[in-house]
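In this document, chain identifiers A, B, C and D correspond to the written order of the chains, with residue numbering beginning at 1 in each.
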Amino acid sequence: MTSVGIIGGSGYTGGELLRILLNHPNVEIKAVTSRELSGEPVYRAHPHLRKVTNLKFIEPNIEKISSLCDIVFLALPHGKSAIIAKKFLEVGIRVIDLSADFRLKNKEDYPKWYGWEHPCPELLEKAVYGLPEFHREEIRNAKLVANPGCISTASILSITPVIKAGIVENERIVLDVKIGSSGAGISVSKATHHPEHSNIVRAYKPIMHRHTAEIEQEVSLKTGEKIKVALTPHAIDMVRGILVTGHLFLKREVSLQEVWKAYREAYQNEPFVRIVREHKGLHRLPNPINTIGSNFCDVGFEIDPHVNRIVTFGAIDNLIKGAAGQAVQNLNIMIGVDERTALGFAGVRPV
Amino acid sequence: MTSVGIIGGSGYTGGELLRILLNHPNVEIKAVTSRELSGEPVYRAHPHLRKVTNLKFIEPNIEKISSLCDIVFLALPHGKSAIIAKKFLEVGIRVIDLSADFRLKNKEDYPKWYGWEHPCPELLEKAVYGLPEFHREEIRNAKLVANPGCISTASILSITPVIKAGIVENERIVLDVKIGSSGAGISVSKATHHPEHSNIVRAYKPIMHRHTAEIEQEVSLKTGEKIKVALTPHAIDMVRGILVTGHLFLKREVSLQEVWKAYREAYQNEPFVRIVREHKGLHRLPNPINTIGSNFCDVGFEIDPHVNRIVTFGAIDNLIKGAAGQAVQNLNIMIGVDERTALGFAGVRPV
Amino acid sequence: MTSVGIIGGSGYTGGELLRILLNHPNVEIKAVTSRELSGEPVYRAHPHLRKVTNLKFIEPNIEKISSLCDIVFLALPHGKSAIIAKKFLEVGIRVIDLSADFRLKNKEDYPKWYGWEHPCPELLEKAVYGLPEFHREEIRNAKLVANPGCISTASILSITPVIKAGIVENERIVLDVKIGSSGAGISVSKATHHPEHSNIVRAYKPIMHRHTAEIEQEVSLKTGEKIKVALTPHAIDMVRGILVTGHLFLKREVSLQEVWKAYREAYQNEPFVRIVREHKGLHRLPNPINTIGSNFCDVGFEIDPHVNRIVTFGAIDNLIKGAAGQAVQNLNIMIGVDERTALGFAGVRPV
Amino acid sequence: MTSVGIIGGSGYTGGELLRILLNHPNVEIKAVTSRELSGEPVYRAHPHLRKVTNLKFIEPNIEKISSLCDIVFLALPHGKSAIIAKKFLEVGIRVIDLSADFRLKNKEDYPKWYGWEHPCPELLEKAVYGLPEFHREEIRNAKLVANPGCISTASILSITPVIKAGIVENERIVLDVKIGSSGAGISVSKATHHPEHSNIVRAYKPIMHRHTAEIEQEVSLKTGEKIKVALTPHAIDMVRGILVTGHLFLKREVSLQEVWKAYREAYQNEPFVRIVREHKGLHRLPNPINTIGSNFCDVGFEIDPHVNRIVTFGAIDNLIKGAAGQAVQNLNIMIGVDERTALGFAGVRPV
């Protein structure tokens, strides 16, 4: 039995971590923190967990939590996680960090993409980028896992096979993203005010989105190809889910079989990646709705002879494969149990 | 291990039965039928189940299915289920019928509320109304369980405690219902055409809704009070979920404690009913969003001194506690396992 | 040409006032105020008005505005309007107040329903309740018009005919309300955070809602019957629109003709009330979607023989007939032009 | 006064034509047809027009309509319009065709993109592509106007300035489209079933979408540059509105001023194109929500130094600037009145 703590448990990611871990046969939740709700039952923040658990929030006391837990999940704002992670690591606690604070290998990338100097750059090289499909072996013994960004997960998994196959131009990769409002977290803002977020399509960071950096880093690392990504995310009227539509230009003619093979080789043994590409029907390509509530990433593609393009698709539930589910997948690898433990739920559909 | 079949497996209820039963440790799905999709993998109809199961749809051949299964779930249209149920019963197969065909005890109620004569009225008295909170003991040995209607489940569970307490007028019970589009099933119609069902509130059966009959039957049976229900359902822009708001007029002054006690006595030992009534906060009363993906029914109330009224609330996921989840709850009772088996998921929130 | 000012022009009601008045042939907008956006073009707050007007927000300087305008619209928070209104009245400016500050005749009702003492109770009797269907003649020469609440408008117009007809019990009038998020205004809150307001049904003020007072006041005044209203509003996943479902219990048997007659007599000459009651079809009863963008109030009814009930329906666009449109309708009466001026738009459907 | 007819008046485009034309001071609607609803009032199909008009649907008798009308709008399915248009033209009636039947100049494009031979190819050269911003002079005396497609309108207007400026690669133009369900028309289908169209992002025609042809034709014609377009439309949970996000790769470095100038020169005198590009704020770039109910097309752009890309945005209400509004704009030009007549409404927001 592994003892775990959730640091920052009152937000949406914290809620999903709780929900998943409460059903985990090899894990006991020893601590879940919230400054604001300390002493209150977790169902105060997560009303769907009423009668599911009697857990209460506690103060985020690192010393106390260190004495209780083997592994901690950090569900904290970007930029606040690094220092906390360091403290846990110093006392031998393994850390799965859901912020961006350890995703980038190059310390110069933090000022460039995030606007701040990294407070503990020496940890960057020790951190493992927690995308199991790419780094399973390193995760196994990692002390510090940097859980990938949500847009990044769907992007990386959907485009890597065609880049690795060497068939597309590496500098003109368009990733057009559509994302639900839960990605913005639990804090209110004018952007997520219901009358302002209903029936909309709003490009909220049309250029220089932060996830660009980790996508380029990881795909380049995996494929040996230096790539550049043109990423534009759009907020739409949806709570959960991400679809990343990739538009990549072919360097040469390709056959359907060739592309199929690239995806199949990449993912045929992966428990949480599904290749979705049927000849017809409403569900012939990835659509986030078919992943909601599950840890699956659906990937698919189409070849466009008109403009020598491959269109790729990656769909996930941003709070699960894009956050809490992937974190538990990492945990499973770290503690040596079946990677699918507690992640077997198939999703809720329609919803 | 109990062998089960799902007759009519391509609709939304069929999909939820599959999803839940695939995780059931005591059950093996031996047959799932669809005339239209016979031979196809179930993920053709239920894309979220891709890579979760290799099951294929088969033809609804009663003889064949009878040889494979101990219990069958019938997820068939109202009026078509009775004859099929009868055939299964004749060969000793236990039946959980998700249609309305066996919910009413009085055969005269079928022409009155459904517009047709019942084809096998002799079975009505043998059928058990499958609301575990009311009929747990009879369900245990039942051959034929009539799974309750979705609106009925939320209505009955939310209003019965105050009626049993004898504090409200029995003939002026208003049930104002708000329901999501999945309740209309998988068949397309003008009413569920997306442009006609978005941003709406549409009273679709303002009087004489069919669930009236089973609500009156069951509440009267349980409480010994003859009641009359004024039910008006509204379609709103939501896929899953039902909220039943009850407006009941008090016969005398009541204390908060008295009403609390009525609910607590009714449900404190029930695994799937939660009393939700806080002093403040966004989640102080039932809201279907907090039940989505789970088998919970959330009930709550407020006392209105201005007009001597009790307002009651009942919220469920219409496809789970209102259909497939409750059917599995019934199955669990019938096969003698923990009632919560395979129903432990806490719901997905926010969504 | 009448010169008007809009005090508090950056919210949703201010935006609708602008949109409507910009097309008004007898009106010139001389001032539109916003403390926060003073000096900025109005399209900064109302992006749909870009290229429609060059108006800019100004500071809410009462003296200056008084020198420019004949009539002012106050679109200010409840409790803040009264003092401002008084100042305008003192210098001879006519006021249309969209807050609740002058809707109630009885000064004791303010502490009871709003929780504060009225700062200028002497004005209450001078204020005219601006529901043209009830008070057209008084509005004509009014100095101070109290524009009705949104829920109140749909409630009063839909139930008054049957109460006036003397056929229903006056103390058991249930008004079950479904309302869109724009009714909560432009200020952000956890309740209107998109992930918390999507796919929901949430009773947000199950008892003692403030609009109860003005509904009871106005219906009683109009019909001579003392009534009591059991009002429960529900927030649903919709931006605009209100449906009020009334459940009223009959004192005696009534014929369809009798009820039809009651509605027809009340509204046959009203330009903005439509009786919607067809035998069949998706649109046979009021649905707010059919009023969005227009000043119409759709009313309808159904007689329920099972429980001796009349179900009434009232549907409006909460920002138009429930606020800005009704205010302009009042203005038209006050300045002696056709009541429909600038209000001729038919609504936008589907949307 | 111009007499007009609407052929095919029961769909969404027909409803918008009616709504707009009923407020047109220079137009009288003499005929509106529907086979199915002949003899019924138009509010049977368009409930928002109740009490707005007493018009009734008539049979689509060409002879009769020709004797009544000067100009007809054809709101008929693609492939059915051409023959009807020809008949009206033969008797001297001017035609504004809202289908795709006359949009393409080259008759070979019909088998290629639409799958059928054009029945009257001799008319193709006589037809004028009804995008006023491009063909105002030709529209003036046109006998046959081919009203542009909705995706095409937003695409062409948003990308042409940068292509004309010669700064982007012409063969790698990605147009990633997000569109509401009303674009699919009034006919029901599984794709637009509410439970299947809620909370989704579904690429429904990832390659070879038909509008590609008219976009390439018109942009090439206007700019003298041969272009190729990589178009992928996505259905999202929205009823009205289109956003076209263009991703175009720069051939050389450009300054912000240079791109601004390209847009300004193209549209500064256009009544219905707005350039939306602010430094900050929620509304700094086009979002279809700000055009709903109006005839505006909002265009904007962003320069991405990371990948040498321009991101362009075009947003419209698909039923207005993308269909009925643009058709009336064409009518206004054809009859010599101010182009903005009956199109002055600013849109309804929030909604």
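List of remarks:
To be clear about the criterion, contacts are C-beta pairs under 8 Å (C-beta built on N, C-alpha and C of every residue); 3 or more make two chains touch, one makes a residue touch a chain.
What you see is a predicted model; the values in this text were computed from it and never measured.
Using the contact threshold fixed earlier, the set of chains in contact with both chain C and chain D is A, B. By number of C-beta pairs in contact, B-C leads over the other of B-C and A-B. At the far end from chain B, in terms of centres built from Cα atoms, lies D.
Mean C-alpha position of chain B lies 39 Å from that of chain C. Between chain A and chain C the centroid-to-centroid distance comes to 46 Å (mean Cα coordinates, whole Å). If you average the Cα atoms of chain A and of chain B, the two centres end up 35 Å apart.
In chain B, 12, 180, 182, 190, 195, 198-199, 237, 239-240, 287, 292, 350-351 are the positions where the chain touches two or more neighbouring chains simultaneously. Residues of chain A touching chain C in their complex: 12, 180-182, 184, 186, 188-190, 192-195, 197-199, 237, 239, 351.
Here chain A touches chain D in the complex through residues 171-172, 174, 176, 178, 180, 190-191, 195-196, 198-203, 206-208, 212, 228-230, 232, 234, 236-241, 243, 245, 247, 249, 282, 285, 287-289, 292, 302-307, 309, 311, 313, 315, 350-351, going by the rule given at the top.
On the chain C side of its complex with chain D, the touching residues are 12, 15, 19, 22-23, 44, 46-52, 182, 199, 239-240, 271, 274, 276, 281, 283, 287, 290-294, 296, 298, 344-351.
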